[in-house]
């Protein structure tokens, strides 16, 4: 088996492991850390169902962000929605036969790539143009955007400028899933794209990208506003015998 | 597996000038989509050098002269021939396309009757082209007005604009198209002046051929720009008329005896 | 404040709008699946009911913005608090109209082609530019209304919108005006006529939307404002009726177009239903009755104003149907002075019966516009605040 | 999707071109770039009337049509479909274009005579292309 | 130092987000608590060598005890959505007053000691060591947060800077660095029973005086009972209500409502304070002990309901935390919400028709309502979300004729803090308080100009005190602020049979 395919297989396996294990450990930590007091930011839903709905709205529409900053919302939401479409479109590399919804999304997928890059560009521009945001930006904030931009641009370049052999690539990725190594087309853009994706997966659990799981554990958002109706008790904060 | 024949791409730029037709519309597309393939393609096109049709020539203007005096009432050989040539089924419904149709006319004042086929008049100033939002309707260098059905969005504005009802909209899915004449649902189409024949080097359309075969010779096909061609000569000699001449569209199809 | 009751109503209405818009999408999908055979359109009447709806919405979109213009450009205080709503309705109608136009295409999947390939000589392509430009200008305009720091640009944006609006309606009118081949359309009067019609239709729609919104918030339009708007509606309706009359008179004079006018106005040669729709639908119900409701002092009141607005809109549909469908139904005259016969309907009046999918698509566009307006009013503060404005001026 | 080789890692079965010979360009290149080539050729043909270019769709069909179905797009295993269903790429070409070669006449070259001689001529043409035309400096 | 001269910001016709002015408020620091104050409530007396490790250890402990802190440290993406939401930033322009930057003061340390990236690439992620310089910045800027939670409304993840501020103050207290104002008050609560340090006799005296005044005004025997066993209701109200203007007007209002409704009620000398500064310094134990006084007092007096007076943070603690801290409340009357806000009670009575008003008595006032942050964003009233906005306004509309809300983006959940909450209501932070009030003052100015508003009602003792002080800086009359029950008091009809 060619060294290239082996190297990339190792890289991608390692990155995927880092992603899965890292996120799982973090989520376990969040789960194990108690939330001693009821601190939903009110007005908040009074039932658990309402909370689920609220979280769904936050995830789908970025409702709070919409309220606070229209520009950030436009760029941020565009980026995330486009990212979702792009990822859905990418599912075709990982399944055979391909699900019908994934087939349908192919048509918009390429334009979503453009939208994603545009959204990222807007977010990055904001980091330079708005003095407040410039003040709070750390190098890693910029690098996250650069990384995603580079992934997006290398992908778009493959789509529109220098095509790669998608059939062979798909065989490679399917092979990865089946522990049956297949050759990988040695197109520079593809290799770059994949290397950056591996980097993204690896840093996910140790970076601010944890906001994705984080949202679901934020007590101000995930608690129901019912302290009078229901006594809220967690291990260390509960009555006598507390430590 | 990735050895692309780039070396071959470096010689021969013969095809470049042919891209002159690239209008506003195509330019947008060409930019992003074609970059890597283009040069290779130029060579590819240059390769079969013996091809008789090196593209539509602006020196030519194809046209037809229809002599209503010779057109036999009741005959529709031209219509049938067109259908056969282009794989258009005989119309069974109001919505079915008709590229060419036979018209029976009666002068209201004198009661004089006549008949003639009417198809796309291949106007020199085609309103259908002017109105088409995407540039799918276009006039070729040699005067043939066509619909590029890869760019037609099916808005039917050209149908509204054509004074001759020469355009039809494909209202339903088609099957068994002729390989030479692709057609399909959702686009607008009309007489192509048998462009596939002309490009192949033939110099007669299916309808004209059929009329001649039937012995009527009511349809004369040829190059209006060539002063020596028969059609040019006859258009000069007899006073051929254009339909709706008041609109000054300078049609490529002319009529005699109206 | 968003109370549970208002939230429930919002979701109910939004659900309704979504269902209607969804039905439109489903209809469009069926049309694409089966092709346009399942519609009433054919090779003669190629633009049918969907275009009646689409053109109504686009023309009204331009007109509805008038309320904002009067406030921002001409500085009329009574209109200023209505500018936001007027801008939002404009966007919503534009979107609804374009949705219908796009989905009626033979190849809606090629929308990208439509967006990337422009034939600069095509009136239709201009209109695509005009519509997107309109949307952009209105967005900027709304932005200046919402961002106090940009308030000094409101007037400039308002003027831009005003100018653009006239160009846009002229453009829409020209879609028909440039059809030299058709006797029904080729006329220089179409552009001004469309502008006047747009003012009337837009104001009528605005009045209805505003009434619904204020009703939802438990408020009423101040009487003074209502009377002004009523008078304005009356003027617009009367003026457009006048121009329609002029257009037909000039056409009657032209020998070539006499036959068509006889067809469309008097029902000769099979134009009966168009003539009926014109007189009963547009002239009587859509113009004279609203004029009575608006100008007869005895009838003055919120209800008759709203009834008038509703009638104006019905009249608009009647007029557009006569104009668009009637204009195509009349046979093309290829051989003047001859009686013509062929397998392709030459010389015969074309028949057109709208089908269900077409109707659903058109109504679906209205539903989409409604949904956008509804969500917009929920997300942004759109309610006209007359008290604040009045007090603010006094202070 | 039925058109794949049943190993642990599914791959599409790409039916070999019935006529044999070589493709109009290196297969690795074709695999990546055929869509752009076709698109460009299409515009040349439709707009400028240039026919007989190398990347004519009819030519593709002429070579790649399946021996069983006579088509490139009728069955899952047919040439175009085999890949496209694997890669989840939808093409609408065959809504309009016949997916079978013209009976009795190939569309490959207008001068190629109709009838059984066509195949032989095609072979010849392919060889010529492959080896370079005499008198042309490479 | 704290009272050094400063410039009051100008009110602009519409809100403008200031440009970043680095270090503009770096000088603002509260007085440090003396060793005596610290010692009295069980904190280390002063900063001692090795505090860095102890601070980090405390941070580790808190990270394990509070999911909020843990998740918030990881989750912020530096999107900046919160950056223009804090009134202290809007009023001062100091970028460290942007909520995200305030959190970052702690996040930088968190990253350095608790994350992979911060341990190995500190520069990349902006991680720093815990040093004296860092502590000084903490001291300055964690004492410039009123824990108002406005930022958490706008953050896409609901990151609540107040939680971070509380953790930071807890860490600082744990290494001996405490804030004089807050910690002194906590000491007084433990010693005397209320924040103002009013001893029982003084309290009794005051209440007797109030009874006389009210008799004079109304001619009726409206009672202000103290420590009356067997009463139905225990009213717990901020101690400012006993002494300060305009607070006391509301106290009279409560008494009149009880009187008109015929409810037997009492105050308690043991729990003569609703406020709970344990919340402000983020110390769970303090918060709990202070709360438990109320339970003891209520059980001693044998009441069946507990009602809380007009106090913002007190209501947050009572509504949101009491059940956790001192529940279950099975010994109280379950037909009423436990605890109940005085506004809930009054509103309920109004709806049942038990109270009558002469609305025109308030006609000299054009009223607006200031939502206090702890009520607006940390609690609820009534049985539906947002009841805390509806109920006070409905009461005002029931007792007065002229009401106008301020601009929608400055009320309800988006309300601006008065500028004095979170344990900052001290004169050593006056500059901060004045500047932090700017956004609220601008919104007020708008309705004053447009609608002629001349009275701003509110239901928080801190808001009332803060506004009385700050209004004059902005050219308003200090008596413009008052309580909701102050309005009730004016127009309620007493002495009718019911």
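Labels A, B, C, D and E are assigned to the chains in the order they are written; within every chain, residues are numbered from 1.
The rule is simple: a residue touches a chain if its C-beta (ideal position, glycine included) is under 8 Å from a C-beta of that chain, and two chains touch if they have at least 3 such contacts.
By chain, with names taken from UniProt: A = Respiratory nitrate reductase subunit gamma; B = Sulfate reduction electron transfer complex DsrMKJOP subunit DsrO; C = NrfD/PsrC family molybdoenzyme membrane anchor subunit; E = Sulfate reduction electron transfer complex DsrMKJOP subunit DsrK.
What you are looking at is a predicted structure, and each value in this text was computed from that prediction instead of being measured.
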{"item": "A-D or C-E, whichever has more C-beta pairs in contact", "value": "A-D"}
{"item": "Greatest separation from chain B - chain, by CA centre", "value": "E"}
{"item": "Chain at the geometric heart of the assembly (C-alpha centres)", "value": "A"}
{"item": "Most remote chain, CA-based centroid, reference being chain C", "value": "E"}
{"item": "Chain D and chain E, separation of their C-alpha mean positions in angstrom", "value": "77"}
{"item": "Inter-chain centre distance, chain A versus chain C - centres from mean C-alpha coordinates, in Å", "value": "43"}
{"item": "Chain B and chain E: spacing of chain centres that average the CA atoms, whole Å", "value": "82"}
{"item": "Distance from the mean Cα position of chain D to that of chain B, given in whole angstrom", "value": "27"}
{"item": "Chain E, residues touching no fewer than two other chains", "value": "384, 386, 389"}
{"item": "Junction residues of chain B - those touching two or more other chains", "value": "1-2, 29, 33, 36, 173, 185, 187"}
{"item": "Residues of chain C touching at least two other chains", "value": "109"}
{"item": "Footprint of chain C on chain E - complex, ascending", "value": "13-16, 384, 386, 389-390, 408, 412, 449-452"}
{"item": "For the chain B and chain D complex, residues of the former touching the latter", "value": "1-5, 8, 11, 18-23, 26, 29-30, 33-34, 36-38, 40-41, 44-45, 47-48, 50-56, 138, 140-142, 146, 148-150, 173-174, 176-180, 182-185, 187, 195-196, 198-201"}
{"item": "Footprint of chain D on chain A - complex, ascending", "value": "92, 96-98, 102-103, 106-107, 163-168, 170-171, 174-175, 178, 180, 182"}
{"item": "Complex contact set, residues of chain D against chain B", "value": "24-26, 28-29, 32-33, 36-37, 39-44, 46-55, 58, 61, 95-98, 100-102, 107, 109-111, 129, 133, 138"}
{"item": "Parts of chain C lying in touch with chain B, wherever the complex brings them together", "value": "32, 34-37, 42-44, 46-47, 105-108, 110-111, 113-114, 116-125, 128, 175, 178-182, 328, 332, 334-335, 337-346"}
